[in-house]
Each structure stands twice: as structure tokens, then as C-alpha cells.
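Per-chain residue numbering starts at 1, and chain names A, B and C are given in the order in which the chains are listed.
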Amino acid sequence: MDILGKSIIQLQDLISSKKISSAEVYSYFMARAKKHNNDLNAFLTLVDEQTIKHDGDMAGIPLAVKDNFCTEGVRTTASAKLLEDFVPQYESTVTQRLYDNGATILGKTNLDAWAHGSSTETSDFGPSKNPWDITRAPGGSSGGTGAAVSAYLTPAGIGSETAGSIRLPAAWCGLVGLKPTYGRVSRFGVIAMGSSFDCPGPMTLTVEDSAYLLQLIAGHDPYDATSSTEAVPDYLKQMKEKKKFTIGLPKEYMEGLDADIEKRVRDALKVLESMGHTIKEVSLLPPKYSISVYTILQRAEVSSNLARFDGIRYGKDRTHFGSEAKRRIMLGAYTLSHGHYDAFYTKAQKVKTLIIEDMQRVFQDVDLLIAPSTPVTALTLGEFHKFAFFGETMDALDEAAAVAGTPAINIPFGFDSQGLPVGIQIMGNYFEEGKILDLAYQFEQETKFDGVIEKGVKNYE
Amino acid sequence: MSKSLHTPLTNADVLHIAKLANLTLTEAEVEKFKKQLEDTISYVENLDELDTAKVEPTLHSTNVNNIYFEDGTENKRLFTTDEALKNAPTQPKKKMFTVKRIME
Amino acid sequence: MNKYEPVIGLEIHVELSTKSKMFCQCSANYFGKEPNSNTCPVCLGMPGALPVPNRQAVESTIKIGQALKCKINQHSKFDRKHYFYPDLAKGYQISQYDQPIAEHGELTFYDKKTNEYKTFHIQRIHLEEDTGKLTHADGDTLVDFNRCSVPLVEIVTEPEFRNSDDVKQFLEELHTLIEYLDVSDADMEKGSMRMEPNISIRPIGQKDYPPYKVEVKNINSFNFAKKAVEFELVRQAEILDRGEIPAQETRGYNEDKQETYSQRTKENAKDYRYFPEPDIPPMVFSDELLEKIKQTLPELPFQRFTRLVNSGVSPAFAIILTQNVVKGNRFDEIFSVRKSLDPNLTASAIVNNRISTDISVAEAADKAEELLKPKETDTGALTDAIEKAITANPKVYEDYKAGKTNSIMFFVGQVMREMKGKADASVVKQALEKRLEQ
């Protein structure tokens, strides 16, 4: 039977009603992955010849997992030559929870080396390609997962976001991508980039699958002191509450956009109003401040987090860092060095306070915020060289939520004039993933995302 | 922000930072990173536009405190010696990681 | 040397005797284990591994702070301290920078040499993690991470020591205190307590601190600490005499040669790039918690010392009964059941091992009473013994007659020996006084 484009939930129904076996599902995806990976370079490692579990809701459902999640016995590289031969002897909490529910990891996906980038072009193993147009980047840093799910090499995947690394590739690949509240999902075993920002999250074809995967991976982890002890609600239930929301449109986030993107956002607002939601223009601190705060804090954390890679216990020595990693380490080390700390780090932490207060102020007036996810649609490979601050520019609209640690989702909504998917994001307050999913699900039911998902899975029929 | 931000970086500054970060840079890299560092530094100076004199820094966005584990909790992640040494890039000796001899 | 005044501060590292390591569940007891058999993703610094602090280690540090009369910072946090060294798995040590658990304390003790009370001040006490261990063999340096991330408390004093005797006694007193608190095995041989004196000297009269500081690393004996300080004071004076300034550096101590030597290490470029550990939420200590921990403090060494002295025990015995916990406890036990005994004589009997610490309290009390009871003295034998002693030592007798009355103690000893101990010393002394005055 042809299962092309089936969501996780749909596949589970087919498996449980015995219309297809979990082994067949796995083989289907493995065959597709093997066939198309040469074109897309989505996977760095395919986990062939593994035992498929029969227990658990996820039994037989193969997932794409970004290659910065440590997986016991499966090579984990963070797309860095330095870790080319690294096979962890421990499991990340996220992948452990997926395994515990019966899931299979089909393969480990490409990313920007160390997750430093927004296109996968800094990967030491070559860029991934955007399934909508393989001359284009899938976005990043979770671009391999984006490409794999978009081309339906797996029904869903796991990415991680520091600032934009789930939402941007989801937008460029035409997917649903959820960045949860910081601390909602454990970071244990995720090769650290910016420790105070990193959030694992799902990248899926449907809102329901995102809610479902979040349900599986969310919750306190005794191995991550920053993981939240807040109870995990029933996201699938909250997703279907059909609440009418007051939605804020931050006017600062509508500046400097591609005309096509601006139009799609305006169209979405009309749809939402027609569905009975209220749209209210609001004002947030301009994204440029979030960019600066993010740049300072993230680089400092990067310089520290990459200090353990000394080539003694694992990996190659520090001469194997690529140019982007070195650039970030240098800036981070500089801002933390003697005499500079207060001017950079402390100042950035103070502005972080302002950004959080700014968000909290706005969330007193509105339930959710809506904005474009990216200022442009998928760029062609190599184009990032034209930008002095490529990542910063691409992720500009994603960085406030990253800095504040609040949740946000990318949902696709139609195409630009070149036929590339456009991404829109819904942001919520801390731990309000349920509200975000509710609105996203209503919008999905209403619009079918203007056919993006349906068309996307047929790119590689 | 302090004046130091506006002071142009020298090659010696860049080399000092590289030493702190345990990176070896080529001459070309020194020039490249000097330029990139300066560009980034001048970008983030936009934070000067905001008055933060009375603002407290945020260290953790999650507002949680006092997260501990209880002493003596069962160790479920203990590596065997072989597991610990498994990824060592150089051949372990006497069950230990090896590096080129350093001076004491 | 007397042109200069020493300026010495101490850094003392104490390994806590928790069950688990500081940030993971590996055993804190690494001693004697096969290399690298006591590690996990966290202490081996694997990618993506995260630290979670050990509650007991934090509370033990608070306890040390309270025992040293520190102010406990109710808002405290961990920071990352960066440097590269093969024994440091993560490229940074999780330590504490600007909000240590405890600050501004003091330790007072009785100086047995000068018979005066001395107080030295504690600058700060913070909690951090230990490093792995390096072994050097041929062309290799070998690394064992079993010890990596064992909880380590660093106690830093003010730079107010002026001589090596104070340094030594302070360290001994601190060691006793740590033993009393039962937070560390404080085993010097195993390196559970390591001392680093920071030594410099300045011309007498100068108020400013010297423009340099020499840190002598990882000393694990009180005597070595004293000798290292003395060696440095001489070495630095010679350099200053030449009109030069000693180099700011880290030195090691060679026990065999009894001298310090320069270590060419990581310390040369000291810029640790501290920043708040993003993986660990801050700590906030409530009044209730601090009070609860305070309640667990035992009687501290100095409290015991003053209590003993106030009860009539001589300072010399009180020092020993304070430092030797087993003997000190024996003293207290005997008095808990037999309050009538003479405290100083009992203390003397315990200190001189005349009362075993292995027998029961009741037996010990009986033994004490027996030892302290005045002895029946055979007066005939005593008279004979006295005459014998005087006849055998005419010179001492003449001395006594000439006014050296101290020499009576010599005769007491002679007579007691002649009587084979079967006499009461006070009776002997009285009889001697009477005879010698004739």
C-alpha cells in the first residue's frame, strides 16, 4: 500500500489496524532514504540493519534525528570533521524517550557544523539540499532533518533550535517546526551550542505530529538541571480546544521582508480574523537588539562549550575546527576576557531582561504573537556568502523568542512567486505550547497550509 | 559600554585571544578574524542605545533555583574502563588516556 | 631577613567525603581504583553531558562556612573557570566566582608557643570540582579521570600570616576543624587536604602589598608547608637584596631537597574568562535551611579547648585532647559518669596513655579514680629512699641548699624510682621538703 505523505498518527493507525506491518513501514522509509539521500545529503548516517521494536506507540515509526543528539552506538558528528569517528557510549534523553516508546532512528541528519549556521552550508560533510529545489539550501541548522521530512524520507524528525534552527529550516522546507519553551525538553546528550538557548523540538508534516512528539520528549530530566519541573500538559487535548485568541502582530517584525512573505502573512491574518480570532497590532523591541544579545551570549557559550574538544578523550584535536567554529570561539573568548566582560556579557544579560519584560508586557494584552518566520524564502546554495551577518539576518525574527526562551512554531502557508514555501510563526508565552498548537491546528484545518505539505511530499514521489 | 569596544584590535590581541582559546591561527586567519571580530563588535554596539543602568541581568530565563541530586543516588551511567577509553584517539596506556608529555 | 615582613595567604583545598561526585552520580571515593573505571558522560566531559549539583556537597560547604564563622551568601551560583589542561575534562572547571557560598570568616586558636590566642581571617569559601590525575611516563602524560569532579572546597584566608609557625598551626587547627565536621576524611596522605601558601615579602613598614605573589602548589603536609614558606622567605629576600623583584609564579615543593622550584604551567596566562554556569540554576539558601544545617554543627575544636581550660585542664593538655578526638571524647566520657575527678590529673592520665581508650567508659572511670587516688606510702622505706638519694647526689643537694629549689623535682624522681612507684608523689615531695630544709 502506498503510504506516501502519511503522518505519524496515520501510520500508527495503519499499523495498529494491521493494514501494514511496522517492518514494512521501516523498509519503506529506509528504501526512500537510500534512494534519495545522494541527491539531498539529508542523512550523514543511516542506521541500517536494526531491530524494529513491536512494543510502544512509536513501534516501527522511523525518525530522522539531527546529528547533534548523542546516540549510543551510532556515530554522532555534529557535522564536524573533528567528531567524524565519534560513537557515543551514552544516549541523549530525547532519543532515549523516543526509543522507550518504540521508535526507530532511521538516521542522523546533517546540520551546520556544531549547529553554527542557518543553511547547513557550514557542515564539514557538505550542505543538504532543499527538496523543493536542490540548488537551494534547506535552511539550518536543522536542515538535514528539514530536507529528510520534506522529501518524506521519514514521516517526522527531531531538530534543535538555538535561535531559528528549527523554525527556519521548517519554513524553507515547508514543514511544521516547533521550538518549545527553554527547559521544556531535556538537553542532556545534545551537543551543546548555546546552553542557555538550546531547545530540542519536532519537525513534522502536521501540527498533530508535533504535539504528539513534544508529548513524548517533554518533561523534567534529572540529568538536566535546567529542564523544567513544570507538569507536562496533554498537548493533543489542548491542541483541539478551538479557543478564540487575541493575536498580536508586532509591527517591527513586518519590516524589511520579501514582498511575497509580507503578503502571505497579511493573507494569514485575514484567514484568522475570518475564523473569529482577533488581530491586534503590537510593538516589540526591534529584532536588532535580540540579534546583539543573542550574538554575545551565544558566542560566549560556544567558546566555552567547545573547550572540551581537546582530542584527548574523543575526537580529533582543535586544529580540526572549521572556520565558523573558530570565528565564534574567538568572539566568545574575546567578550569573556579580562576587561571586556561587563561591556559585553553583563550588558547583553541586562538587555535580555528587557527583552523578557517586553514580551511579558505584550502577553498581558494578547494570547499569542504572529510574525513571519524568515525575511526571505529558501536561498540558493552559496548565497550566504553575500551576507556579512547571514545567520543573524536570516534568524532575525526568531531571536527574541530564543533569547527570552519562549516557545514558537513555524507553519507553512502557501508559496512565494518562485513556488517556494513561506513560513509563518506563532509565538506564545512560557509553557504555552498548548495555545500555540491550538491555533496552529485550527489554521491547518482551515487552510491545509494552502497545499504546501501535500505538494511537498510529492516532490520525491 | 566601555571605551575598549571602540579600540581597534591589533594582531597581538587576536593572537592573545587565540592562545586563551587554545586555537592555532594562520596569519591569514589572524587578519580575517580581526576584521570579523571588529565587525561583530561594532554591530553589537547597538545595545548602547538602550538604557540598562537600572536593569538587573538575567542569568537563567527559567526562574528555577536549587536543582540538586541527592548524594548516593544510584549511578546508572557508569562507564566500564573500556567504554570510557573507547573513543580515545590515541592508544591508551595502562588504562589511561595519553597525551604528548607535558612539563610539570 | 629582618629587613622584610612576610605577607602570606593560604588556599586550602578540601575534598568532601560525599558518596557521589560533585555533578554526577559516580563515586566520590576514587582512591585505589583502576584508572578510568569511575567515570560517566558528565565527569568525562563528553559532548552534551550536563552537570547537576550534589545537594550534600553544597550543604557540607555551608557547614564549613558556618564553623568558620562566615557570612553565608544566601544567593550563590556556579561559574565556569576556563583553562586548558589535560586533567580538566571540559576545558573549564565548574567553580564559584563572585558569589561564593561563604565569605568573611575567622578561625581562632591558642598558640602553644606564645601562650596567646590568635585569630586569622577567612576571605572566602567556595565549592568546585577536582580535576583528573596526571602521571608522566617517558614521552607520555597519562590521564586518569577517576578523581575528576570530586567535590572540592576551597578555603582562602586573608594574606595576614607573618611567619611560618602561624601558617603551620593554622593549617593544623583547620585540619582538626574539618575532622570535627565530618565532611571530609581530611587524609593528608591521600591528598584530601592540599595546601597552597601564597608568599611574598615587603620591606618592614611598607603598607602596600608586594607587587608579586608566589604560589606554592599542592602541599600535603603541615611540615612541608612550614618549610616551603621558610625556603621562599629566604629565596625572595635574596632576590630583593639584589634589587630585583621575584617573579609572579607558581612553584612546586620538592620534599627531598626541601626547596621550591618553578613550574612552567598553565598559570602563565591567567585569564580564566569566568562566566555564570548556564547549565546550573542559581542556589538560594533559606533561613530555615541555614538554621537546620547550623543545628548539625558539633562542638568545635576551639569551643572544646576553652571548655577544657575553663574546667581546669592545662592548655597543653587541652590542646592534645582537642586535636586527638578519641582522647578528647574519652575525657568527656569519664567526666560524664565521674564528675568528682580532678580534671587536669585525669587529662594528664589520658594524654600519657595511662587510661586506655579501648575499654568501656565505666572501666575507664574506675581506672582514672584508681590512678588519681593518693597512694599508701611506707614511711620507713621512704625515709631510707630519701637518704639514699641525697647520699648518691651530693652535688644536687648542695645546689638545693644554695637556693636552686627546682632541684627538688630531681630528688622526687629518684625517690619514686627507688620506691618503684609505690608512693604518692605529693607525699614524697612533702617529706623531701622537710628533710632538705633540715
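Keep in mind that, in the parts below, a contact is a pair of C-beta atoms (placed from the backbone, for glycine too) under 8 Å apart; a residue touches a chain by one contact, two chains touch by 3 or more.
Treat the numbers as computed from the prediction; the structure is a model and nothing was measured.
**Student:** Compute per-chain Cα centres, compare each with the mean of all protein Cα atoms, and return the closest chain.
**Tutor:** So the chain sitting closest to the middle is B.
**Student:** What chain is the most remote from subunit B, judged by the mean position of CA atoms in each chain?
**Tutor:** C
**Student:** Look at the interfaces A-C and B-C and say which one is made up of more C-beta pairs in contact.
**Tutor:** Higher contact count goes to B-C.
**Student:** Centroid from C-alpha atoms only, then distance subunit A to subunit B, rounded to Å. What do you get?
**Tutor:** 24
**Student:** Roughly how far is subunit A from subunit C, going centre to centre by Cα mean, in whole Å?
**Tutor:** About 56 Å separates the centre of subunit A from that of subunit C.
**Student:** Once you find the CA centre of subunit B and the CA centre of subunit C, what distance in Å lies between them?
**Tutor:** One centre to the other, that is 37 Å.
**Student:** Where in subunit C do residues touch two or more of the other chains?
**Tutor:** 40-42, 44, 52-53, 82, 84, 86, 91, 143, 145, 271, 273, 278, 280-281
**Student:** Note the residues in subunit B that touch 2 or more other chains, in rising order.
**Tutor:** In subunit B, residues 16, 20, 22, 59-60, 62, 64, 67, 69, 77, 79, 84, 97, 99 touch at least two other chains, as defined above.
**Student:** Could you pull out the residues of subunit A that touch at least 2 other chains?
**Tutor:** Within subunit A, residues 86, 89-90, 196, 222-223, 225-226, 303, 307, 310, 312-314, 333, 337 contact more than one other chain.
**Student:** Where on subunit B does subunit A make contact in their complex?
**Tutor:** It comes out as residues 1-2, 4-5, 14, 16-18, 20-25, 29, 33, 36-37, 39-41, 43-44, 46-47, 49-50, 52, 55-62, 64, 67, 69, 77, 79, 83-84, 86-89, 97, 99.
**Student:** Residue numbers of subunit B touching subunit C in their complex, please.
**Tutor:** Counting only subunit B, the residues touching subunit C are 16, 19-20, 22, 59-60, 62, 64-81, 84-85, 92-104.
**Student:** Considering the complex alone, what residue numbers of subunit C touch subunit B?
**Tutor:** Within the complex, subunit C contacts subunit B at residues 18-20, 24-27, 34-42, 44, 52-58, 77, 82, 84, 86, 91, 134-145, 252, 263-265, 269, 271, 273, 276, 278, 280-284.
**Student:** Could you list, by residue number, the parts of subunit A that touch subunit C in their complex?
**Tutor:** So the residues of subunit A touching subunit C come out as 68-70, 76, 78, 83, 86, 88-90, 92, 187-192, 195-196, 222-226, 300-301, 303-304, 306-310, 312-314, 333, 336-338, 341, 345.
**Student:** Enumerate the contact residues on subunit C facing subunit A in the complex.
**Tutor:** Spelled out, the residues of subunit C in touch with subunit A are 40-42, 44-53, 80, 82, 84, 86, 89-92, 143, 145, 271, 273-275, 278-281.
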